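In this document, chain identifiers A, B, C and D correspond to the written order of the chains, with residue numbering beginning at 1 in each.
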Amino acid sequence: MASSHRAGVPAFDAAELDELKHKLVTACHILDREGITDGYGHVAARVPGTNVFLTIANVSPGCATIERLIMQDFDGKYLGGAETPPNEWPIHACVFKARPDVMSVAHTHSVWSTLFSVLPIKLKPLHHYGKFLSADGPPVYQGVGLVRTVERGEDLARTLGKGPVVLMRSHGDTVVGDSIEQVVQRTVRLAKLGELAHLALLHGAPRYLSTEELETFSADERFPARGWEYYVSRLKNRD
Amino acid sequence: MASSHRAGVPAFDAAELDELKHKLVTACHILDREGITDGYGHVAARVPGTNVFLTIANVSPGCATIERLIMQDFDGKYLGGAETPPNEWPIHACVFKARPDVMSVAHTHSVWSTLFSVLPIKLKPLHHYGKFLSADGPPVYQGVGLVRTVERGEDLARTLGKGPVVLMRSHGDTVVGDSIEQVVQRTVRLAKLGELAHLALLHGAPRYLSTEELETFSADERFPARGWEYYVSRLKNRD
Amino acid sequence: MASSHRAGVPAFDAAELDELKHKLVTACHILDREGITDGYGHVAARVPGTNVFLTIANVSPGCATIERLIMQDFDGKYLGGAETPPNEWPIHACVFKARPDVMSVAHTHSVWSTLFSVLPIKLKPLHHYGKFLSADGPPVYQGVGLVRTVERGEDLARTLGKGPVVLMRSHGDTVVGDSIEQVVQRTVRLAKLGELAHLALLHGAPRYLSTEELETFSADERFPARGWEYYVSRLKNRD
Amino acid sequence: MASSHRAGVPAFDAAELDELKHKLVTACHILDREGITDGYGHVAARVPGTNVFLTIANVSPGCATIERLIMQDFDGKYLGGAETPPNEWPIHACVFKARPDVMSVAHTHSVWSTLFSVLPIKLKPLHHYGKFLSADGPPVYQGVGLVRTVERGEDLARTLGKGPVVLMRSHGDTVVGDSIEQVVQRTVRLAKLGELAHLALLHGAPRYLSTEELETFSADERFPARGWEYYVSRLKNRD
C-alpha cells in the first residue's frame, strides 16, 4: 500500500508529527507497564485540526514503535505508516468523528472495566480520582463482536455519548480525552476506581461520592503533567 | 540410557527439530513469566507426522533449556534427550494418542483452574478471550493422584474429550491446541478468564456469553501471532 | 521566588540539613517501591527545633530528588528549595502545628486506607503490626475536596487528634510519627493491616486484638531500624 | 561477645559449616523473593548431630548474609557469629529441643497464615501441594506477644506437636522439616494453599482433599530438589 497524501493533512513522515508519534508510543508503553493492557488494545491520537488519526498497526501496545504506527482517516482509508490497520480501527474513527472535542482515544481490555461490564452493578466513583466521571458512572456498550465495522463503531460512539468513558461488555473499555496524557491518566485511574469499587462492594454498601462532592474535587483539577512524568519514569523498568 | 532411533521419526538431535525445540523452551518460559506456572507443569509438542513428542525432562518450566528436553513415544519409551522423564508424561502421551488433531499440550498448576476444580461452580466464559471454550465451560477431571500411569492418563484424555481444556481437581489443568503458540495463548487466557469469573461471581450472577455470542466473537479469531510476539517481548525481563 | 532566611532556622542549603533531606527522598522512594503511593502523596519532615518543614515540591514521591524539595513554615510561607509547593501543603503545616511531638508526616492514597474510608466498617488491628494503633482503629476525616486550605488542614488535624493515623474519605490517609523511619514503617504496616482486615472480613467475624493484647505486643516494640534497612535494600530494584 | 567453643560441636567458623550457612542464607533470600517474608521472620538450621542451631542475627531475611548468621544452643547461649540474637530465638530453640526429627525451622509473617490464624475457619488442603499437611489442617497457637521467652517457645512447640506447621494468631506461622529445602518448599506451598483456600471459601463450600486422597498424592512425593532449583533460579532477579 502506498502512502497517500491529502490536502491540509501533514504527510505521515512530516517532522511536525514526530512529537505526537513519540507521545503515542509512550502512551502505549505506559498502559502496558501499568498492567492495564495485556497484549491487546490501542491508543489513538487525532492529528490536530484534521479528520485523520494515528494509532498502532496491529501490534501489542507493549511492543509499539514509531515504525509500527499507521495513519488513517475516519473512513478507515490508509494514509501512511505501517500497512496493517488494527482490527478495531472503527473504535477510533467513529469516536473521533462523533466527538470533535476528543483528541485522543484509548481502548483496552482492562480487567476492572470488563468486570463491571458483566455485572448488574454500576462502576461509580469512590475516590476523587473519579472526578472526571459522573456520579452514576459510565454506560456499558452491550454490543457483541469485535468493533471491526463502522456500524459497530457508531453504536459504540452513541453509547459513549458526551462522556469520557464507555465500558464494553465482555471486552473492556474505551476512554477519551483532550490529550494523550489525559487519556492515559483517565485509563489508569478508571482501573484503580474499578478495583476499589470491587473491593468495597464486597463489604456491603460503600459511601459513594455525590455529584456535588465530585464537583468540589474537580475544582482542584490540573493538567495531568505530574502523573505523566511519573508513568514515564516507571518505563525504565521495562528495559 | 542410550537414545534410540525409530523409522520415520527424526533423531532427537536432528536439525529439523531445532525450531520446535526452541519454541517449546520459549513456551515454558512464557508460562513462567506470565505467572501461570510455579516450578511445576510442562508443555509438550508432537513431532509433526509422528507418534512421538518432546517435553521437558523433570525440570521447572522456568528453568527449561534445550539440553533438558526429552523425546518419548506414546507408550513412554525413551527416544532421546535428557534422561529423566517428567513424572506425568502420561498426560501428554495419552492426550496425543487420543487426539490426532492436537499438536501441543500444556499442563500447569494454574491457580484459577485449580480454584474452579474444587468449586461446585463451572468456569464459564465472561470475556471474549473465552471464545475457544464452550459456553458451559470445561469439564473437571476428578481423579486423585499424579498422572503417572497410562490408566490415569487415559482417564484424563477421556474427560478432556474433544474439547480444548480439562480442569484437574486439586491439581490444575491440561490445555491442548493445534500449535505451541495456540496452547500458550489458551493457557494464559484460561487463567485470565478464571480470575475474571472469580471476581464477578463475588458480586452475584454475572452475564455470561451465550453460545451464539461466542460464535460471533469466534468469527474474528486469528492465528495468535500478536499474543506470541508480546509474550516473547516480556521474556527479556527474566534475565 | 527568592529563598528567605529566618532567625533560628537553618538555611535550606545548610549542610546540617543534608541528612534529613536524603532521608526524606529515600522515604518517598520507599513508599513508591512498596506500592503505597501511585504518583501522588508526600512525606514531610520537621526541621528539628523549628516551626518549618521540608517536603516534596509538587512531584511524585517516586520521582523525588534533593533538588525538588521545598522548605515552608506552618503558614505555608516559602523558605527555600524548589518553588512549587505541593497542592496539599496544609496537611503537613497544620499537623505539625497541632502536634509538637510529631517529627514526620506522610500523606498517601493507599488503596487500603481509601477502602476503609468509604466503608461502614472500622480498620481495626488483626496483626501485631497494628500495635501502634488503638484497638478500635483510626478515625476517618469526612471532609471533601483536596486539603489545599488551612481550614481543611485544621479540620484534618482535629480529626487526627493525638493518634498516629487519620484515614481520609475517598482520598487516602495521613500518618504521623517521631521520625521519618517510623512514619514510613507505620504507613507500610497500615497498608498491610488494611489488606489483612479486608481479607479476613470476607469470611465473617475475625478475632481482633484487644487493647490489652496490643499492649503485650507493644512492650516488645523497638526502633524500626530493621524495617528501614530492608526497605532501603529493596530500592536497588528501582534503578 | 566472644565466640565460645563446645565439645562435639563444630566452631562457628569451621569449614564444615560452609555449605549449611550458604543454604541458610539462600533460604532466607528465597522466602523474601517469593513474597512470604516482608522484612521479618527467620530460617534456622540444626547443626547435624548437635544441640545447636544457626539462624540470622536480627536482620531481615532479604538482607541476610553469611556474616550476619549466629550460632546458639537450645538455651539461647551464644556460640559464635554475629552478636545480636533474633528477638524470637526461642521459636527455634524450643522446637529443635522438642522435635529431634526436625533439622530446619522457618518462622514468617505470611499473610495467608496470619489470615487463617484470626478466622474461625481452618486452613485445610485443597491442592495436592498440601499433602504434607493433615486433612484437618494445622493448629493455631493462640499466644499473645512475641516469642521472646522460653516459656512462650515451649507453648508454641506444644501446639505444633508432631506436625509440620503451626499457625500463630495475629502473627504468622512456624514450619518445620527434615531439611532447609523442605522447610522452604513447605513454607511457600503453605502460602499457596492459604491463598487458594481463601479464594475458594468465598464461593461457598469447596471440595477438600480427604485423608485417603492426601495419602494417594503423598505416595508420589519426592525430595524437593526441583522446587529448590527453581526458587534459586528466581533469585537472580533480586540483584
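Quick note on the criterion: contacts are C-beta pairs under 8 Å (C-beta built on N, C-alpha and C of every residue); 3 or more make two chains touch, one makes a residue touch a chain.
Because the structure is a prediction, the values reported are computed rather than measured.
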{"item": "Third chains touching both subunit D and subunit C", "value": "none"}
{"item": "Same or different contact residues where subunit D meets its copy subunit B, judged by the half mark", "value": "different"}
{"item": "Approximate Å spacing (C-alpha centroids) for the pair subunit B, subunit D", "value": "33"}
{"item": "Cα-centroid distance, subunit B relative to subunit C, in whole angstrom", "value": "47"}
{"item": "Residues within subunit C bordering two or more other chains", "value": "202"}
{"item": "Chain contact graph, described as a line, ring, star, complete graph or other shape", "value": "ring"}
{"item": "Touch relationships between chains, expressed as pairs", "value": "A-B, A-C, B-D, C-D"}
{"item": "Subunit B to subunit A touching residues, read off their complex", "value": "125-129, 192, 195-196, 199-200, 202-209, 213, 216-217, 219-220, 226-227, 229-231, 233-234, 236-237"}
{"item": "Contact set on subunit D toward subunit C in their complex", "value": "38-40, 58-60, 62-63, 87, 109, 111, 114-115, 118-121, 144-146, 148, 169-171, 198, 201-202, 238-239"}
